[in-house]
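Both complexes below contain chain A, partnered by chain B and then by chain C.
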Partner chain A sequence: MRRGTRKSARNKPYQIPTSAESHDAFWTIKENQQYLKEAFYHTQDLKFREIVIQNVPCLLCYLDPLVDEDKLQRTIMKPLMERNKLNVDHIVTSKEIRISKDLLKAVSGLTKGFVVFLTEGVQKFYLLEAFSADSRTVKEPVNEQVVRGSHEGFVENIMQNIQMLRRRVENPNLVVKFFKVGRTTDTKVAIVYIQNLANPDLIREVEKRINAIETDSIQTPGYVEEFIEDDPFSPFPQMLSTERPDRLTAHIIEGRVGLLMEGSPSTLIMPVTFFSFYQSPEDYNSRWYIGSVLRIIRITSFIFALALPSIYIATVSFHSEILPAELILNIKSSLENVPFPPLIEALIMQVTLELLREAAIRLPGPIAQTIGIVGGLVIGTAIVEANLVSNMMIIIVALTAISSFAVPSYEMSMSIRLLGFPLMLLSASFGFIGLVFGLSLILIHLCGLETFGTPYFSPLAPFRFNELKDSIIRLPRWLLGKRPIDVKAQEERQEWFSRRWKRNEDE
Partner chain B sequence: MKTNNTINSTQLFFIIFQTQVGVGVLSLPTSLYAGAKTDGWITLLITGVIIQGIIFILYLLSNRFPSSTLYEYAPKIVGKYIAFILSLLYIAFAIATAVIVLELFETTIKTWILFRTPMLAILLLLTITGTYLAVGKLKVMGRFYQFVSILIVPLVIMAAYTLKDADLRYILPIGQNGVGTILKATQKGIVSMLGFEILLFVYPYVQDKGKAALKSATLANIAVTSLYAFLTFTTYVFFSPKQLEMIPEPIVYMLKGVSFIIVDRVDLLFLSIWIVSVMTSYASYLYIAGKGLQHLTKRKKTTGPIILVAVIALVLSLFTHDRYTIEVIAGYHAKASYFFALGIPIVLWLISIIFKKKEGAL
Partner chain C sequence: MIKKLFHTILIVCSTLVLTSCWDQELLKESKLVYGAGFDYEENNLIRTTFVVRNLGIPVSQGGVYSNRVVSVVGSSSRDTRLQMDRIISKQLSASKNQLLLLGEEVAKHNIDHMLDILFRDPKSPLDARIAVVEGRALDMYKLDHIGDTLITEFTTDLIKGAEDKTEATKMTVEKAFRYSLDEGQDYALPYISYNQEVQSPEFDGLALFHHTTFTGATLSPMESKLLLLMNDNKSSQTNIIEALDNDPDNGFLTNTVTISVRKSSPDMAYSFQNGKLDKAVINLEIIGNIAEYPQNHLMERSQVKDIADELSQRLTVRANDILQKLQEANCDFLGIGRDMNAYHHKVWNSERWEDEYKEIKLEAKVKVEIDETGIIK
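This part shows the complex of A and B:
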């Protein structure tokens, strides 16, 4: 096949055919009803209700599951029946009223929770909003819990999520832009940013990438993420996923762009740096010393989770002489009865651990605890007594696992544990040399990775001393006068001497 | 949407620094000792001054053509054909340096850490990592070099820790071998401090050209000179002159005797850090050669040329692996390096001054 033809075929995505085409409405209710029924292939949740107003037969048509019963009664049926007049514009109290002659509009309106109001002998019809906004109650997201701070979490309803944002940022500059993505699902995706603060180039780039999406369906934000991220082959997540409104707000205020999606409580933030994954909104609620120490602990956890098993393997299988005699005697005696090389030991334990985690994650709470006890205590003890794995290795793997769970972001903690495996292989074959090269490769990758024009590993590479104070540690808020430079926000300052009252106090 | 492929003056500093610090650091004290006896560390300081002069000339040359590399402006100075040959020579020189780095790295690793690992495996490790680094464009190299430079701190601390066993009498009286010997030994020093010539190839990518760039290069030179002089000095006060004659890599030997609370073999840590420095200088030379090849073949990207260069260097380094051959090659390479780091740039600079060749003025 010639290259040109293949390309053009790729550019025309296949679409599931629908019978609905642009079609002028008919003059009689019957014909319109027939048309709509056929457009929806006689689906049984399409409901019709005939009413007579001023002796003219009229027809209400709606998709039952999408329409709010109360709204339908209160804002449409009741006014129409009680006032018994045909000037719908004035009588119906719906939030949104559209008038159209195109039946395709009626079809797409119905799928969005509108009620179609048809009148006998009139071609144009009304689309009356009666959308059911039901969603689950706002709860704290289970995977991003904090001790102090907001316990609000996003829900599946995009409008309610935007409402939470608007309540936090009461500013007309907060802009929401909607996109329709997915040809079959027609999913609503929104980007939010602060006008005159977020870099216009960044907004244009995000819009460009979202508009380029040509796909059948978008089920989760993960789809969008994979379509628009810079380096799809990188092991590191390049967008921060969060279910916390306070986290999203904090990032938007720094000049980033947030992406929300109908049907998913997790939102995406872009562009982010590596260290965003190690920050938690809670940091700003505790004393700044504590916040700083917590951040340093988390970054240490990164190194542990990544390299601890590899360091151990390299040490015991290649360079046991690096340890002092007393320590090495302990380690070697625990290794004595184990028939496997350290790499196999580590793999057994790591795989067991991943299995336990994967098994426990989808079980209801009490059973998950049982799994934890069976897995952690029983297997842990038994495997050592059976001489399959050494005591030391259990300690190392347990430490690694705990470290990896200390990361506030789930994706990042998975990525790191995954990266540990090739490192273990390298250090099992080359000792420290292999480990150094492996870590260098990861570091080079981190240095080269960029998301939406922002260096991923900033402020360490490129090194920016001034920004260490809000990434590696957390200094008091009044010392963080400037926004991070990499986002290229239009206004750099974010704080103006809030503690100036102190100066007057001493007088 | 990508950031510009430029480096700031701090990154320039680290690029020059890390290119200079490399394989040579291990054998430097011995080779200096062969030339200037226990005054080798003074030689190093003098070498630093000489190199500062060279850096100044390189800077003057680069500054006449601030937006092009040597490969790009050579045709304007000496004409198409000579420039072509010059570029080829530079590429060959950079490849040869890469080969020597590979060789020395392999022999050192074999002697100190991995005794039975196949040679190819060790060479491949360095080649793959170095190529990945060099392919990533100059900005990535700049960021990486700057980040890993923090590793120099523990290295210095390790060496400084040995000073507790130092005996100053070993190097006294200072200057006992006479000015002539000390000066003569500078040629040995220059070889191990090569790498500053990368200035000729990265200058167009520097954001703040002119004085700021010169300052970075100068500071890099000062940093390298003091680091080397310090390391040499510590070995000279640690080992007696008799011992120094016999020990090929005194720094590693010195650290082998040291132990901290939980680390018994500090030399292993030292070598692990040293690997990173080797990797950076190796990547720099791959970059120099790859950039030249890219220019000659008129390609848009450096990726292909750099991979090609890396493969050539790998194949070449497979041929020779006994110590003697390496030394012979290194000797030739050292002589050639005077031309490439000093001779050719000076000639180009003089010609460009005499014929008033400058960027913009054709």
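This part shows the complex of A and C:
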């Protein structure tokens, strides 16, 4: 499980065979055409267009869905046919032109939206860029909405995402590095960081881990996350996933590394601490008191979502004497006719709730509302009237659910709710002792967890008092002079007495 | 690694299966005792009364709480508790007991007999109020309810109300234990009697205790107040009513003045003779506002001074009466013995103190100062 124990010699993973091997191009376009057809197994979206330039037959070859028709017409076909000359380098206005003799290059180029230009009697061929960059419009991510602040969200197009980043950080130090991951899908993955700020060891580590990935396909950033995270058995997410450019930018500026992937609007941020999951970009848009209170509320919500059902179960099944005399009557009277022990009661409600949540996610908006009404009102009321679950348990479970949804990160909210179940079992069999042991185990795990060489539970473990001001609470920006130390950024300062005008005014 | 994982799963599964919920005490499977009482029966037997709360229909569905009063006789309180289990359904749980009433007779015996069971169980309700009842505790509990309020809540609130008005000290089961074993410090429990006229229990002052037994002497609520002021136990409200006879024929029904105490500071002074404590003087200074005085507007400062002087005199007489009562009952409520032990250890002898306390000269001097006389008047 630990790093370094893995055997270095591993079997090569199974790979879907492709017929294209390095192969010199033929001299005739017929043969080349035949080869390419074979390479793509006669797929029907591979299109050929024959043209004659200076009485030399030429062939344009491209994968129809990948190529932008307008680009093809404007930058390739039109110049070639109007000027009727063969010096492609000077005529074609494509933004990228490659020359090659290897047909394998042609095959991989075609899958990336290049147009292959073959000439009769010439072995060399051209790869002309005509990639269709269509993507959906930029919208606010549904799962990370804010009241105030940017409403921009990443899209599925990696170039457009990088463009959003570049617009936010107009600095040559912003470096993008591309990787090709997945033998079949050959997916484009990019890491972004700020040169001369991000810790070089960190960048090297991230690159090393991404390069180590040998897999058939990468479809979501979740794949990458599972391949490169430190502790795959931990219940806590070790990389922050976000669809918000402002959030990614903020983290990159603190010296972290972002990971973007073609075809997915969610990006990963590494390394992160536990408290990053409880921060929202919105905190910095409101007054700092409000931001601080919101953060404290969110951290309270962590404790609620984690332990509230367990505390309740332990109380009513082991330690009812801790309840005040006035309260105990209310709780006892609601429990009186319930046939199940508290644990079963809690499980019924929790499972019902998870079912409702899953059902509501998959359904379109209007129907999801119906599910909410059915779940919330009908099941809630009926289950109490039928004496299956007590009133108190409904309150507890509802509070737990609300608290877990207060977490700004979806993965974290799920992890916490999931962790609640073993705690419930522990407190149902051992009372508060079990609960305390369970919580201690979680705390020990949090303190021991490391991501990319930085402590996960920083600034609580190791304890750094100075950094509590931007993790547990949020002090005004001008008091946050230094970056968080856990990322080991090359430059610590991030703010230089912006309020010095105040001092001048007094003089 | 596989082996390790297997072991972890095995341990987790076996703890879950084998624990069989350990010493679970489900709240819904328990019967809550809200009040307990002890009485003395013939032949050294104890009668224990439990007030058990019934919860037939949930309150949310229109149910009402009610009490069931059960009473059994046995040789000890544990014996009666076991008998109790046989006549009460579900698991009896006394952990939320609010009130512990001691019958007058049983309190005159060693109260440790009854309370021992409470001090050994970690789940016993140590914050329950404890009081002495005139007559039998069972009779008090048999009243069941006063108006809409159930008897246990009613009596508990009665005692809490008295605590707020400086008529009783806050005595819980745990405090009774501490004081009863304390040398040189005695205590008093609230004394509850039955008022025939309004047909309800009534707070009737303090029952003076010496060590673990009730001395039989009680103080009226008015006397309790003054005693607590002398002991520096003032709570938020303290009203002292005193009759003055400066002008008996002015046509008013009453001749009294009421002051609400704002600040009181008692001060002890000891004098010694022959290596023994000879005399203890308590100087009590009371600063108060006039809360009621229908006879006069009190425009002049001198009038106020007159009232204060007369009050001082009268309260001094009263305070000395109280001290005498304490000495007769051999109840060292003011903790003079404790003071000796702590500050004048040379004269302290715990065995001799029993007799010594009755013989020392106790004297109280009360000085009243009046600060304000009211808003409009």
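What we mean here is this: the second predicted complex is superposed on the first by the 495 of 507 C-alpha atoms of A that agree within 3 Å, B and C clash if a C-alpha of one lies under 4 Å from a C-alpha of the other, contacts with A are read in each partner's own complex, and residues count from 1 in each chain.
One rule holds in what follows: a residue touches a chain if its C-beta (ideal position, glycine included) is under 8 Å from a C-beta of that chain, and two chains touch if they have at least 3 such contacts.
This one's a predicted model, so the numbers in the text were calculated from it and none came from an experiment.
In the superposed model, A:Leu353 lies in contact with neither chain B nor chain C. Legend: residue contacts after superposition of the two complexes on their common chain; A:Glu321 is shown touching both chain B and chain C. Once chain A of one complex is fitted onto chain A of the other, the partner contacts of A:Ile442 are absent, as it touches neither chain B nor chain C. Of the two partner chains placed by superposition, only chain C is touched by A:Ala428; chain B is not.
When the shared chain is aligned, no partner comes close enough to touch A:Leu268: not chain B, not chain C. Set side by side, chain B and chain C differ in how many residues of chain A they touch, and the one touching more is B. Of the two partner chains placed by superposition, A:Leu118 touches none, neither chain B nor chain C.
Shared-chain residue A:Leu335: touches chain C; no touch with chain B. When the two complexes are superposed on chain A, the residues of chain A that touch both chain B and chain C are 318, 321, 323, 325, 429-431. Put simply, chain C touches chain A in their complex at residues 1, 15-16, 19, 21-28, 30, 32, 34, 53, 55, 58-60, 63, 65, 93, 95-96, 98, 123, 125. Against chain B, the residues of chain A that register as touching in their complex are 201-202, 205, 230, 318-319, 321-325, 327, 429-437, 440-441, 443-445, 447-448, 450, 452-455, 457, 460-463. Contact residues on chain A toward chain C in their complex (touch as defined above): 1, 315-318, 320-321, 323, 325, 328-338, 341-342, 391, 425, 428-431.
For chain B in complex with chain A, the residues that touch the partner chain are 1-3, 8, 10-11, 109, 113-114, 117, 121-122, 125-126, 128-129, 132-133, 136-137, 139-140, 142-144, 146-148, 259, 261-265, 268-269, 271-272, 275-276, 279.
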